[in-house]
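Chain IDs A, B, C and D follow the sequence of writing; residue 1 opens each chain.
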Amino acid sequence: MRLELRGITKKFGSLTANDHIDLIVEPGQIHCLLGENGAGKSTLMNVLFGLLQADEGEILIDGEPVRLANSGDAVRRGIGMVHQHFMLVPVFSVAENVVLGFEPTRSLDRLDYARARENIRSVSREFGLEVDPDATVESLPIGLQQRVEIIKALSHDAQLLILDEPTAVLTPQEADALMAIMRSLAASGKSILFISHKLKEVRQVSDVITVIRSGRVIGSVPPTASENELAAMMVGREVSLVVQKSAATPREPVLEVRDLVVRDDRGLAVVDGVSLEVHAGEIVALAGVQGNGQTELVEAITGLRHVESGSVVLAGRDITNHSPREILDAGLGHIPEDRQRDGVVLSMSVADNMVLNTPRRAPFARHGTRNLRAVRDHAETLVESFDVRTSSVEAPLSSLSGGNQQKVIVARELSRPLEVLVASQPTRGLDVGSIEYVHREIVRVRDDGHAVLIVSSELDEVMALGDRVAVMFQGRITGIVDPSTSREDVGLLMAGSAPAGTR
Amino acid sequence: ATTVSVASAAGKFKACVVTDTGGINDHSFNASAWAGLQNAAKQDKNITASYLSSTSSASYTPNINKFISQGCGIIVTVGFLMDGATATAANAHPNQKFAIVDDVPNAPKSHGLLALTYDTNQDAFLGGYVAAAMSKTGVVATYGGADIPPVTIYMDGFVAGVRYYDQHMHKHVKVLGWTPSAGNRAKGQFNGKGTFVGNFTDQTAGKTITSGFFADGADIVFPVAGGVGLGSVAAAQQTGKKHSIMWVDSDGCFAEKADCAYFIGSVTKGVTTSVQNAVLAAAKGTFKPGSYVGTLANGGVQFYFDSPTVPASLKATVQTLTKGIESGTISVDPTKYPVG
Amino acid sequence: MPSARRLWDRYRSASPITIALLALVLGLVVGAVIIIATTPAILNAWRGTFHSWGAPGHALKVTFDNVGAAYRSIFTGSIVDPPQFWHSVTTGRGWTASLTPLSETLTYAVPLVIASIAVGITFQTGLFNIGANGQAILGGIAGVAVATLVHLPMALHLPLTLLAGIAGGVVGGAIPGLLKAYTGAHEVIVTLMFNYVASYFMLFTLLSTPLQLPNQTNAISRTMPGGTQLAPLFGTSSGLRVNYGIVVALAVTLFAIWLLDRSSIGFEFRMTGANPHAARASGINARRTLVISFLISGGLAGLAGVAWVAGTTHYIDQNFLQGSAGIGFTAITVALLGRNRPIGIVWGSLLFAALEVGGSNMQANTGIPYDLATVIQSAIVIFVATPVLVKEIFRLRALRAESVKVATAGWGS
Amino acid sequence: MTTLAASAAKVRQPLGRTKAIGWFIVVVGLFTMFGMGVGTGTAPHSTLTFTPIDVSHGAPWHLANLTLPTEWTLVLLGAVIVALGAEVLVRRLAKGAMVRVGLMAIVFLVAVLVWASRQPGPSQVPFINVTAILVGSAAITMILIYGSLSGILCERAGVVNIAIEGQFLGGYLVGEMIDSATNNWLLATVGGLVIGALLGWLLAFLAIRYLSDQIIVGVVIVTMFTGLASYFNSWVLTPYPNLNNGNIASNLAIPGLMKIPIIGPTFFDETGFFYLMLVLVGLVSFALFRTRWGLRVRAVGEHPQAAAAVGISVERTRYVNVILGGAVAGVGGVAFAAIQGQFTPSITSGFGYIALAAMIFGRWRPSGAVAACTLFGVSAYLAYNLQSYQVPISTEILLMFPYLITIAVSAGLVGRVRPPAADGIPYSRE
């Protein structure tokens, strides 16, 4: 299908998310949208998918203008979308999710599960996307959930497939697999709109790259353009894509995890005898595919999850199954994986968020009474020194952009007396500009002589930041390697198979 | 009729009632008192009636004061709960005429206050007797809103009536819902254990309890719980004509016309008449403070036959019983009779 | 006229206050419509106009007279009766009469302020306390018990009585709090059911020694001795009921302001309410927080109960906080009206109390049932909760964020 | 706050609760055996009868009275309860624990009845009428079920309907007036349906169109309608009493079936509203969990964005369901009037809220709600009628039981109530 967007404009109140965007996607073309966070990519896609109505401009499919009142229309027009934040009902089965909105029925409006399963199987066969139709979505790993999203789109035989940051949550292998799928889809004549922050894969897969900045099209370039060119186009300035850091000078171990066993909510031992040491002055990067126990491991270390057996020792103090409060006070800094869920309170002011986990500390409070002036001053210094973009420290955090929200967390954690910093997916969903910043800060912490544990499914990040790289697979550490190890070998470890030459 | 219409009739003498939280249509003594005022107003065009329903016990005093400031000729208050508020007001305003229903303020006698109480165990006795006589199953029942004298006095008299019937007719009619125990009836101690709703509003409970009684074999039920009694009527309706209700406080066939068919009789408390008389007297200037006790003798309490099916012989018996109670030869104290 | 223009702008900018005032207006309109639709006199007048195709002048007059009379007596009954007041000013006499309306409004506002703040605190913690009424009942019982059964010098006795009230409420709050924290029982169910339990418990205590009024077999308690009552501000002789409960309410308001805006625990309440996950990750003990929140809320509700008794009847009877006299749901609505902020709640309570008191006066003068006041109150809250609607009705400019803030979060889910 | 509860529950290891429940059951069992059973006096016996109150449509086939030795029966029942507890402890039942608690409750109730009705004994009533208990409690249960269904319809689509109490009241008032005027329950039902739907629409309109807080609006609709009802009652119904004197609906017995002992009188000799309720329960469960419509509704209640992304109109779905829910509650109000008669402002006495509670611990499922409502209905019936068995418990305390039981049971459901994910959260496209 040939898609053409003409002068699409979308405003949110005062903020113009899309500003007269023109875009053409040829049949069988993989067209990539690049842009920093909030540039307007998702918004544009939502407009294209009928979830939002453009204020101006028109959409042409195969030359004829179409009105997409809701995503039902879009789907009927052969547009399918895999959202940045999955649009799946967690408590529903795969089948139910896939057929939702286009359900095959029997008499009395009853759902026809047999046919639903059949649809899925046929799509799976056609595009090699295996998944159990009867599994409950919430029980599936992220990668499979995304697969469900794709199947969903294809089962409505989409001619144009929109993929919004699909690889953010995938392993290198899964990502490569997805690339392959995309190519085969393109080969079979389907057009693809692909959004990503990862310049490498963007250049791998796309036929055309269009860069958007603050709602405007900056320009279209062929995939031959260099990563630095692209980054510069996105952010509007030069950005260094490599992490500058000197060699580590590890000292005594600060965080010691021994034979840790942790169960998840369903009672499965998802952390199954993990031992790990992080020394002062080094960054240990924990690589691994989502859902191999990293999340639970971190939750256990930070006191958010009950430890079945084994121990966690922080600076010589056993903190196993201590309360989060005690652990935080013991000097553990935590940048949570899900920042908006665990890291901040969106409705509260920036200042309050800056003391979120130290509200009772002097000088912020005395005898149970808060010292608001002290809190404000503290916040102002941090906003100053960490260059957080906000109208004022009294502004609600919800009014900050994702990256700036992340900056608030980083500032808060680094401004506390620290022994060890545990950072989960510290740059997920952030644009290169923000990533550059966060990485610099993390390295600074290390150089100040603290221990740092990074958990990331971002292989590049792991390799770039880690002084040692531990790989986790199915609740175990499958290997601890030097960052100079080849991406392929680490990739293999992440997939569970130990390549030659690793312990 | 609402106060607006009544008030619009130009009158000089203002008769006012402060009702309890039940309001003027509680199917109980608030309604009766209000009826009394309205009758008085109908009878004597010079009287205008108006009411104030209390939002809570805390609004008794302000409501009374409001009426005092409006220059009401007489202020009627309803129920022992208003005891304190009424007594205080009466003492503070010696020239203001008051009448309180169903209560003798245990406060220093004050000039303007008339206490209206009723020996309802007398007509309840008749009710009990008639119920016992009319019962086909040999089981009758009663229940109350709460375990308080104005309620239990009825249940107590009812049981007395049944036991009297058993004793003299050598029958074994059983009463469910109230088992009297020793206590100084004269001092208003109507002790015993019985079935209660826990409030005076929950009709659903009334129905549940009543159908329970029916299930336990009772065919005549005597609810002493104001509006809750409507639940009993509902229960009787549901089971067809085999069960009937002994209504309370007012003449059921007058107060609840629609349900007349289900009433066998009404054990009434002459609130309406006594209030009406008090008001008329006050309007004429012949009002006498002090206390009035409604009895069968002075017609202050009466038993009505609502059902046409009552045989004449029974009516006659009731006449003689009435005489006996009036003369005091028949006691209405259930503990004086053997348990049937 | 620049000043006028500025006023106009402030009006158009739809601050929460503007919204509240406009909501009041709309509420009164709703009330008027109901009066018109249900009052025979008015309907007949219009019917007359309709039949004898005459000018609606008369009908309009009747309408205005009736509605006017109703609202006039709400005002004069709850705030001040101008002629009466003028009379007092000129002659210097009849002050009691002139001040009674205001006095009554304040008297009714006292427990409302306290109870609403109690509810507001749980809302801020993301909890839903429908049990304020039950907790207030327990507070009342405990207070009366201590007042009537313990003998102490006043200096101790009054404070102790109030403390007892708080304690009673705390018990009432502990039950849903602990059950939720340790068994996950849904606080809506527990508090809701607990209201009934409390009512029956009250009846039980009223009907049994020692609380029952001696040589009385009615459901009525002993009377609190003078030393334990919240005395009238201007002395018993003044005839004005407004009492030192005001001081209590004031203290509670200040406490709430401190608690919610200044205290660490209050900060943790709000955190837990706004985002329990973040709260937990930040080292806040969810259980502890929700239990404490419920304890404080219950305690305040209990205080409301005892303040109500100690300031007005000085005894409890079977109707105490029952049925329409219940305070729980009113407190919820007031809390919502005041957006769970202490100051907002104070204003809300005053408004509700005024409507309540004025409502009775309206009934006394016009016969229109005071329940209309409840309807007006609810209507106001609905409009306050729906600023956008108000905005559309009055063509206001974009709302400020604060005035659309949501007060609760469904079942908290 | 389910999230809060959940996060609180996370830290706790699951076994503790199972143990607690197990031991609780065992204790109750032992109490039954020795506390109530052993030493109930001189070889008393208890009698169960099965004849219903109302045999106007011809009695069911007779079932002979069942006379049991009180002492041994209690010991036996107690043993059964102990066994249930033991099973929970031994098999470490986590999921099934609540079911056992439910069974325990039932067995214990029977034990209490057996004990209370023992002869010779204090009871004025020498027998337990099993049928009557079921028939009697069916009334309250039916009302509650209407309410719970209404709640389920709304909340499955993500809208909290706390206004059920108000919709009951509305349905009752209108139904009663129409029946009084026309003596036709069909018209009355239509009337109640309309008013309920209107109140539902009001809630939907404010909650969906204006995104205002659903709980606020719900609570306020109730207070408003309560006020309106009692205003109307004294301002209009008092002067015109014949607008409020309808008869109660008569039973429509189902010929053959009603002859079955116990079952017949309970389920097949009821008013049309009871049958309608049964039909609705089946219909709602079927529609919600089997049909396309249900799938979409639940999607809207769980993840509105996802539903919208496949072209389902979240707003329309919610409007429809909230209005449907209102209508069901409205009809419930009429059903209430049909069995209860005259209107009084306090008539619904919190049933709307109790129904809501039932829905919550029926876990937003019709089947669960039915169980919860039945539990409440039966315990309410017994609370009132055990009084004439002269049980040695003060009236007021006895009257607390239905509520205490509800609290106890909901406490048993440790953190396992999980509302639809988007329940109570306003939805906006942007």
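Throughout what follows, contacts are C-beta pairs under 8 Å (C-beta built on N, C-alpha and C of every residue); 3 or more make two chains touch, one makes a residue touch a chain.
Being a predicted model, the structure only gives us computed values, none of them experimental.
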> Which pair, C-D or A-C, has more C-beta contacts?
Replying inline: C-D
> Centre-to-centre on C-alpha atoms, which chain is most distant from chain D?
Replying inline: A
> How many angstrom between the C-alpha centroids of chain B and chain A?
Replying inline: 75
>> Please tell me the distance, in whole Å, between the geometric centres of chain C and chain D computed from their C-alpha atoms.
In response: 31
>> Using mean CA coordinates as chain centres, what's the gap between chain A and chain C in Å?
In response: 48
> If you average the Cα atoms of chain B and of chain C to get two centres, how far apart are those centres in Å?
Replying inline: 35
> For chain C, what residues touch not just one other chain but two or more?
Replying inline: 39, 200, 203, 207, 277, 280, 323-324, 369
>> By the touch rule stated above, which residues of chain A touch at least two different other chains?
In response: 304
> Hey, what residues on chain B touch two or more of the other chains?
Replying inline: 2, 53, 147, 198, 201
> Which of the chains are touching one another, listed as pairs?
Replying inline: A-C, A-D, B-C, B-D, C-D
> Can you list the residues on chain D that touch chain C in the complex?
Replying inline: 1-9, 17, 160, 206, 210-217, 219-224, 226-228, 230-232, 234-236, 345-346, 350, 353-354, 356-357, 360-361, 394, 396-397, 399-400, 403-404, 406-407, 410-421, 423-426
> What residues on chain B touch chain C, complex-wise?
Replying inline: 2-5, 7, 20-21, 50, 52-53, 55-63, 65-67, 69-70, 80-81, 83-84, 106, 146-150, 152, 188-190, 198-199, 201
> Touching chain A in the complex: which residues of chain C?
Replying inline: 258, 262-265, 267-268, 270-271, 274-275, 277-285, 401
>> Show me the residue ranges of chain A that touch chain C in the complex, using the header's touch definition.
In response: 302, 304, 323-329, 334, 336, 338, 341-348, 352, 356-357, 359-360, 365, 368-370, 372, 396
> Which part of chain B faces chain D closely enough to touch in the complex?
Replying inline: 1-2, 23-25, 27, 53, 141, 143, 147, 174-177, 179, 193-198, 201-205, 207-209, 211-217, 227, 230-231, 233-234, 237-240, 242, 257-259
